[in-house]
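In the two complexes below, chain A is the common chain; its partner is chain B in one and chain C in the other.
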Partner chain A sequence: MNVQTMKKRGQFAEVWGRLRKNKLAMISLSVLLLICMAAIFADLIANYNNIVIKQNGAERLMAPCAQHWFGTDEFGRDIFARIIHGARMALLMGFGATIISVAAGLILACVASYFGGVVDMVIMRVMDVLNSVPALVISLAICSGLGAGTWQLIVALSVAGIPIHTRMIRSNALGVMGNEYIEAAKSQGASTASVIFSHMVPNIASIIIIQITSTVATNILMGATLSFIGLGVKPPRPEWGLMLSSGTDYMLKNPHMVIFPGIAIILTALSVNTFGDCLRDAFDPKLKGKA
Partner chain B sequence: MGEKLLEIKDLSVRYTTDGVIAHAVNHVNLELDKGEILGIVGETGAGKTTTALGILNLLPRYTAQTDGEILFNGVNVLRASEKEMQKIRGEHISMIFQDPMTSLNPVYTVGDQIGRVVKIHNKEKGKEFVEQRVDEILNLVGIPAERKVEYPFNFSGGMKQRIMIAIALACNPELLIADEPTTALDVTIQAQVISMMRSLQRELGTAVILITHDLGLVANFCDKVAVMYSGEIIESGAIEQIFDSTNPHHPYVVGLFGSIPKITRKTKRLTPIEGLMPNPASLPEGCKFHPRCPYCMDICKTEEPEAVIVNDHLIKCHRCVRKEEA
Partner chain C sequence: MAKYIIKRIILMPVTLLLAALFIFMMVSISKTDPVLNMLPQEYTQEQYDALEHELGLDQPMLVQYVKWIGHAFTGDFGTSYSTRNSVWNEIGFRIPTSAVLSLVTTVLIVIIGTVLGILCAVHQYSWIDNVINVFSKMLSAIPNFWIAMIFMLVFAMKMRVFPMFGTGTVLHWVLPVITLALPGLAGHVRITRSSMLDCIRQDYIRTARSKGEKESVVIYREALKNAMMPLITMTGNRFAMTIGSAVVVERVFALPGLGTKVLDAINAMDVPVILACTTVLCAIYIVVMLIVDLAYMFVDPRVKGRFVKAKKNKVAA
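What follows is the complex of A and B.
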């Protein structure tokens, strides 16, 4: 490819070009897309009311067979259908909570680094306090405060993620703030919001995307963890962590009850993480192999 | 000359970091008429850029304290609100920064960046107006208008500086502050940029404050010069006065001219001014230049000299005060 055509393409096209050459990225992306498709078309694959949550005493604890690919659980529900519907929960927790926390972190970080001084200090000290408690403990506290449930879980995961994102984005935003084009924009009469959103944010876009992909897996795992200990999603909703937790009682005789939800969690987390790593390398090839 | 555009009265700027107070600008007085070109020269750290940022009220909010007044068209910009300043910046006063490589945002096309300024200050006018103005201003600085869809990295340093000038001039400001506009450029590009700036200045009648280290550039371009040292203006006046070696001068100015190698004379070594500029956090008493001054007298170490007018230009030196009295 010659230099001229390289130059004519935007940064994102270039990133995509690099990603496409990376086999690992393409495999993880396909797995991820498959999971997304499953989540989107879950209702077409299995009816929620008739299959996913309807108990069926006649078919309880069946091993994987032609009718029930992944077997059935202690209430006779098809595990395959529950995993497909569980993907919805996992993605909602993973992406929903991540996007909320990254957005909040982005705003806090930009405000802190733009205004500096007292504003910066107050925001960052609050973040330090939140950061000094492990994220899981914060989510636990919020979940037990708000009660078990889906939106409570998302709130808990979002809040727990904010300090990390604020820190990470702020350190990058500070670097961008030091650039002369920020001062130049101000000298041209740009308003504060316009300096932040149209001059700062696009220049830290790559770090934001990397932050999102690296947190999605963490949030899926944390959500599963919280559901596992009974603080997250309430039964009978299909959730992978919850399925694991109910499967532990039958684990020795019916291992399929924990194996398949476990595989679902691992596969999702692994593909998101791998894709995130590849994306980071694609954004900045110089970073490859480091960190 | 014409109407007064900018008046700086007794401006002082202090930076406080970790309890250490740095006196960056001390009691500066300056005046600028409409359409006039003022050169500010001085060493690194003499307070030139701080003065310029003060005019735009862009000094760092938490660390800088200001005293005195900067009147732009009669408005004290140091006390103006951020809203008022956002209207003045770009439309009435604009600034060209030192390093064109980093002054353009890498994620937008240059046309977009020029258009942004036009849009900010002409909200009521439509897209066509903005587009037209972008083409017009790009042609003005000698860049083909069809290159407006390209990104900053597609341009060379000199062209980027011309784009910066285009952005600065996009709204026909009354005052253009050029902070070392040619420092990052090589000599041939410097000449191009300066001659372009001069012809634009003549065409548009913009007043210019040119901040530079380059005395040759000042001689070429400016109507007036102010020499800054340690945050003070130690000598200022019309260009002919300052560059006339038969006039009395501040010893620092004599030293500055003395350190320029002459093309007609063979010189083995350059003759710099001995020593360094004092730390703005601990300025010497009396005349700020006395530790380096070859003519230092006792009075210089204790008393700060008054500014006096000698042969139509202003000098801040005890030696000149003496001569006046004599």
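What follows is the complex of A and C.
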């Protein structure tokens, strides 16, 4: 490959090239894609109304067998089918809430660093206040105000993440603001939105992607936790944290009820985390081996 | 520097007030009507109005907030909706349980995490580094409450080594503390490792080595002293995170702490108890963060120097 073609490759093509050589990245990406496929085609694997939420008294608390791979729960529902459908909730909480909170953080951070002065101060002070409340307490307050439910849970997870994203993105956006191309765009009469979206955002894209991948697993774990304590997804909807919570009462005689949903959570969080780490290394090879 | 410290200390209650306002607003948008929950099945409009007035819920939200803050300053957090007891009597005795749990856990995390982190950094890419790395990656993907359940299943139900619920003996604390410590430990090890690696690559370490210092002196006196700085900040964050996760762990092990209480209160929509518990958690968090920030200033001569220099410049101008 000569110098000319190397220069033509964009940042993302180069990152992908580095990722493809990393075995760990490819393994975790495959696992993640498998989980995504399970979530997308969940209805083909098991019917929601007839298998996932329909109670079946005759098959209560069955141990794993050929018919029910992961056994059945206290209502006779197939745990394997519920885990497959639960992947939808996990991915929705993980990616949905993360994308909302990073997008909100991105807008706040860009506005703060673009206008500076009073606007910056007000936004950052509000973030400081939110930052002085532990994330779980923010989620608890929002969940108790909005009540338990799926969209409420996503709002709670999203708001809890905003302060940290705003801070992180702002510090990078401030660095970009000092560049001459921003000044050039401004002096050519580019609108505020155009400066922010076509000049600032592309230059902090790598930070944004890293922020997203490093938060997805946290949100999956946090969502499962909130559902576990009864503040998130409501039954009979299958959700991994909720399945663990109902398994608590039966776990001595039926450990399969708490083992399989737990493994599902860990596998998802681990593959997201591992892929995120590899992605960060690929974006900035200098950082490799650190934190 | 004194000016900065005073400013931070004055800002602290302001932050707490605003944080409490945020929580107050969030809890107030609830559609559940506490008055309806407290009244008997059959009630008249007069009874409803009287109770609403007694609870102060007929006033605008901001007035309610200001009144609540006024009372909270005198240590009066109102009366619980569900038990009709003073909120302070309900939660006061719970604060030590939560504080001790978080504190013991944080100390354990910092001691063990720092030792393991140094081990990893000094023997970078050796088998011990790899093993600890893999474990810490695994641990940060496991939800706290799942570890708690598995521990309970194995050690309390099957092996009967530790008691399952409640407090009383030291044995009661072992499982909750380990559960709470494991995920935090994973994070602390990784940060210690990277902080140490940063320092080991610095010029002054090469200088120390070239002077013929013993390797142990180089690592523990030169590198560790500098690597400790970011770790102090991390200790504060770790404590804060632990306080948050403790809510769930307390619930699983039925420890009589703030976390168990706040979750019960949320289920019963007992607003005064929710407000009091969350505000106390925030207050503990904010105080710890302040102490850490100040400690950082005193320990790190570079940070201290910034303030001293700024002062001199001002005098000259």
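Keep this in mind: the second predicted complex is superposed on the first by the 288 of 291 C-alpha atoms of A that agree within 3 Å, B and C clash if a C-alpha of one lies under 4 Å from a C-alpha of the other, contacts with A are read in each partner's own complex, and residues count from 1 in each chain.
Basically, contacts are C-beta pairs under 8 Å (C-beta built on N, C-alpha and C of every residue); 3 or more make two chains touch, one makes a residue touch a chain.
Everything quoted here is computed from the prediction, not taken from an experiment.
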item	value
First, second, both or neither for A:Gly147, with chain B first and chain C second	second
First, second, both or neither for A:Met251, with chain B first and chain C second	second
A:Ala58 touches, of chain B and chain C: first, second, both or neither?	neither
Touching partner for A:Ala66 - first (chain B), second (chain C), both, neither	neither
Chain A: partner with more touched residues, chain B or chain C	C
First (chain B), second (chain C), both or neither touched by A:Gln188	first
Partner chain in contact with A:Leu44 - chain B first, chain C second, else both or neither	neither
Residues of chain A that lie at the interface with chain B and also at the interface with chain C	none
Residue numbers on chain B that touch chain A, as the complex places them	56, 58, 60-62, 82, 85-91, 94-95, 97-99, 102-108, 116-117, 120-121, 153-154, 164, 167-168
Parts of chain A lying in touch with chain C, wherever the complex brings them together	128-130, 132-138, 140-147, 217, 221, 224-225, 228-231, 241, 244, 247-248, 251-252, 255, 258, 262, 265-266, 269-270, 273-274, 277, 289-291
Complex interface listing, chain C residues touching chain A	15-16, 18-19, 22-23, 25-32, 124, 137-138, 140-146, 149-150, 152-153, 157-158, 190-191, 193-194, 197-198, 240-241, 243-245, 247-248, 251-252, 262-263, 266-267, 269, 274, 278, 281-282, 285-286, 289
List of chain A residues in touch with chain B within their complex	7, 11, 115-118, 179-181, 183-192, 194, 198-199, 202-203, 205
